[in-house]
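Listed below are the structures to be examined.
Each of the next two complexes has chain A plus one other chain: chain B in the first, chain C in the second.
Entry: the complex of A and B
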């Protein structure tokens, strides 16, 4: 079905969906930071356990970002017309623009979450 | 191209999810048809319309000019004032460079040197960089959006006068040798034990300016999402507007933590509540956290608007649309988010666990990705276009070179082990000046050259501009490049002198010479800016740029635009032939001002469908008085003169109420208005269609952030101190706390229910509910204060933070009560009616946030400590 024929849902004009993935990054960041701070300040157990908790957060958040990214990819709907410039005043272009930008933000968030997990591998110490 | 079939509004147009609460919605035809947009215009009618518009929008004559609130006037004053503060702060730097030119110098004393570097940093950040962004945006944004003005012109004026008063107060302290001297980040305990008024001047003066900054951010966000011209959907916004949106949101989340920090800090300095005193359970590190949660995003708050300027100059130089619009949006939004995960990289040497440092180091490296993306998008645009090396582009090119160098040292200091070596040395001074000059000063000056023809309708000198550029560019590198080496050779920051035999002499002398070369460059620019330039230019669009801004009139007409266009392209002046002529003739929306009121069109947030004709406020003195008294409320406490401070605060509130009551959400003479092109729009809306509702919503998001920072402080103490709360400490009185929570919930409920009841016409019932809400709110605030009344806040940080949270909640309740009272008075005196109820919507919205504040407060005051 051609892009301009598709139904335009309220979700397709929701800018908060576009920034949902970086919001997940922010939550992940706060979680790992707070957990590590408490773990080190309160001496809650071994570093190995802390690492496991952090990896758990990361897995959940990566899955969430993956789902959000997939949704935004669907909203962009690149393969229906190979359209990556969205410069017209139509529902279709606005919908695909938000999807495109949201998809790229999801990719960035995915990478940033991986970045923020690496200290748990390379600097796993409370020293 | 647009969606094919223009529809009768009310069928495809009305969107139930957006406007179900509206009494009146848009009627008629939208989008306009091709015939409508090419229909001939009656010249006589157009002339009459033009006269009426001019009369409404003209500046007041004579000395009353200073009561103007037009974005073109306020933006101009704002930017010139910020530039003046920049020149003063630059002069401070020159004196410091003279002092450091030779070893063992005694040009100025150590204490004066401390005051100078503190005020150099503080002024450049708080009085120049952030206000300059807001000033330029207030000046330019309506033109980019083809709007008549910002949605709240008097708020801009209020922000400007606050900024002017606060800035003079803070800078003036230097003349009395009383300036703050603790560094621009005011670390305790150095600044909590300081006996002078310096730290108080910094805390209160800059808090005042932060309030003004947040006011401007609210204005700019609402302007961007609600004042776009019909048709300019979110995917068509000029990139400048995207950056304004992102930066406005960042200000909203970055400044409030500092305001919360200032609140705690001033409570400690004035009343000895020990928030940062380790002997009584406090912690100086909390200040560092709160400061840098503000301070690091601040860097990006400064950088992104300047990149926004570059994003307008680059396509004009390349004469083609930006390559990768989506990529730029990605990088602006991505940077906005990631920049909040960097703050601890200013605290790498405070002894936090390595793993914690690692998270911030990793985020600091991650933010390079979006930053790099936007630079590559610029380079790609230049490669793809036929570049004319116009003067503004020269400055942008210099900016990119310098910023990239600063970014590379940024990657270095983001690595904790390297930072441990370079921390607090001149290496960091070099790094931060490379990022700020490249990321702010150069693009800004390039932007001034670029936008000057729009602002003053004259051209600046090409020759002086090039001289200024090369002086500044060369001088900058002479000054700051050697500082990397000075720092690596071990010279610490903020020393007023140094011994002559450690190998720093020559490098310092070179830096001083460079500083004066920069000063010469800036002086040439300043002269070019203010010198008389003779006649006005003839060509409206000297850079042949595509945005709506260059449809401006020469000489200036104060109406913003003659008529508000229907936009179907990112670069309307390139892609919509005849749009400028049609705008000039009044062939688009709102070409008239029959009622003699200042009006602009409000459109929906995403798709820019016309929703409302809003009446914006005109010239007034009450904004200036409001700023004056707000200044009193902040400045008197510096000297512990509390009674005049309270009187000032009351008078400030009175001025604001007068301003709101007399000029906002006025009952229209007619509920609908014909805005041309077959469209009729409501003249009064309430709830999410109204700009005022968005203003409250956005302000309260910022307020919530400040409150969250207070709560962060509470849990910070709990995390780092095993004895928080102290084992035998008295707790808040549980019964009072519970009563307070109940009263707040009931007050919220009464206010919330009053809204639909008033809408249904049962005005008396609504008045009863609002009155009950007021009584319950007073009871709630009294109860939470009584719950902590028996505790001594000076004894330990635990009672102190409970007091702080209770005071915060009670003060917000006063605002809530004033708003309920305003609505109550409105229903009695005909300002609020069942059909016209915007103030009640805004009050209910405020109360949603107040309810969250109150419930969280009562939980952490009464419940959580007993569980800990």
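Entry: the complex of A and C
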């Protein structure tokens, strides 16, 4: 199959690429939390401006996670061989496994970043 | 020597009298009645989030019932699906259908449901923090009682009380929550949600009672050995009754004019009680313990541990630690019992 013929690049073996998307989610969470805390404690401006800043973080992080997810989807390359079981100790299986797991983590992180942002939409208050 | 067990315990006692269980009853026969009683009464009472008497408590009760209803639907769906798959129609499905089932039921469905629940849950938060409409009540968590100060609109100095909070019905009151020494939590489930009281910080919440009544609140954050004895009474009054209440509360103490009452006043002043307690209109100006100006008209004593009766007051003065472990007030058991009773009569008469 075509998958067997692909070159295995160092990036394909990098486990940190798999957790890059959840890392973006964690950073987003931290940014939102710290910004809101400082904004309210130091009275930096209106709630509307705080919302705008948070939406800005969210947009950037969603784009990043989108890109990472797309890269992992490419690495999984599901439509190449429709393979979603990766249980062999071969380059292809390792590559597809990391891609598969990384893609799903990116999907999870995407949703989680949206959930992180929801308090800024529905409960925008410093009280 | 008195011990805590000998003393009246207002809320437990009421419950115990209402229970169909009596010493000597055949407990097995009483069990179903007891169970039914438990189910019927579990949701009502002076301290129940499921029996709301305030706007915010109503919102929280709605949140609870929606979540429970949702959980029941999900439980029935999941178990129904399992029953269908294993018992009703045990036949294999294609891997493709299986994958779509996992994708739809395991990823899309919970994401959508959680997003809906999160939006709903978050959307009720701003209302719970809405600004008050005049009255502000400053409540400070002490070990182990609640210091209460009413700031009516435009007031330059507060009206002090303790262990009892009174709110007007139909108006949103602002609560300023503070703490001395350790973290406490203000929880009045019949009227509103729960907010922590943190030393060095000022937290705020607001609540709007919808009906007049008497409710019970409780410190909801472990704060030391008598944490469980740190309760308070909340009264909700119609606005005109509330104004009258506040006017009475602001007035100086009216001491009982009986001979025993007067002797009690003399003893109270002579033994230095005024070093810790304030009784407005007398030389007692202490600020360590609760304000006792109108202690006789309150609905509880010692933060819900006792009733405001002469025997309870006398028991408390004699040995507070026997009733509330770790209580900061020293015991006065070295005094002549008649003198203690006189003080109790004086305090009970401070209406």
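Going forward, the second predicted complex is superposed on the first by the 126 of 127 C-alpha atoms of A that agree within 3 Å, B and C clash if a C-alpha of one lies under 4 Å from a C-alpha of the other, contacts with A are read in each partner's own complex, and residues count from 1 in each chain.
By our rule, a contact is a pair of C-beta atoms (placed from the backbone, for glycine too) under 8 Å apart; a residue touches a chain by one contact, two chains touch by 3 or more.
As the structure is a computational prediction, the values presented were derived from the model and not from experiment.
S.K.: Applying the document's definition of touch, where does A:115 land relative to chain B and chain C: first, second, both, or neither?
M.R.: Touch partners of A:115: chain B and chain C.
S.K.: Where does A:93 make contact in the superposed view: on chain B (first), on chain C (second), on both, or on neither?
M.R.: First partner only, chain B.
S.K.: If you stack the two complexes on chain A, which partner ends up touching A:22: first (chain B), second (chain C), both, or neither?
M.R.: First partner only.
S.K.: Compare chain B and chain C by how many residues of chain A each one touches, and report the one with more.
M.R.: Partner with more touched residues of chain A: B.
S.K.: Classify the contacts of A:32 with the two partner chains as first (chain B alone), second (chain C alone), both, or neither.
M.R.: After superposition on chain A, A:32 lies in contact with chain B alone.
S.K.: Looking at A:125 after the superposition, I want to know if it touches chain B, chain C, both of them or none. Which is it: first, second, both, neither?
M.R.: both
S.K.: Across the two complexes, find the residues of chain A that touch chain B and also touch chain C.
M.R.: On chain A, the residues that contact chain B in one structure and chain C in the other are 111, 115, 118-119, 122-125, 127.
S.K.: Would you mind writing out the residues of chain B in touch with chain A in their complex?
M.R.: Per the touch definition, chain B meets chain A at residues 1-3, 15, 17, 31, 231-236, 321, 325-327, 329-330, 333-334, 337-338, 340-341, 352-359, 361-363, 365-366, 369-370, 567-570, 605-607, 719-720, 722.
S.K.: Spell out the residues on chain A that touch chain B in their complex, using ranges where they run on.
M.R.: Those residues of chain A that touch chain B are 4, 10, 13-15, 18-19, 22-23, 25-26, 29, 32-34, 36-38, 40-42, 50, 84-91, 93-94, 97-98, 100-101, 104-105, 108-109, 111-112, 115-116, 118-120, 122-127.
S.K.: Name, in rising order, each residue of chain A that touches chain C in their complex.
M.R.: 107, 111, 114-115, 118-119, 121-125, 127
S.K.: In their complex, what parts of chain C are in touch with chain A?
M.R.: These residues of chain C touch chain A: 107, 111, 114-115, 118-119, 122-123, 125-126, 129, 204.
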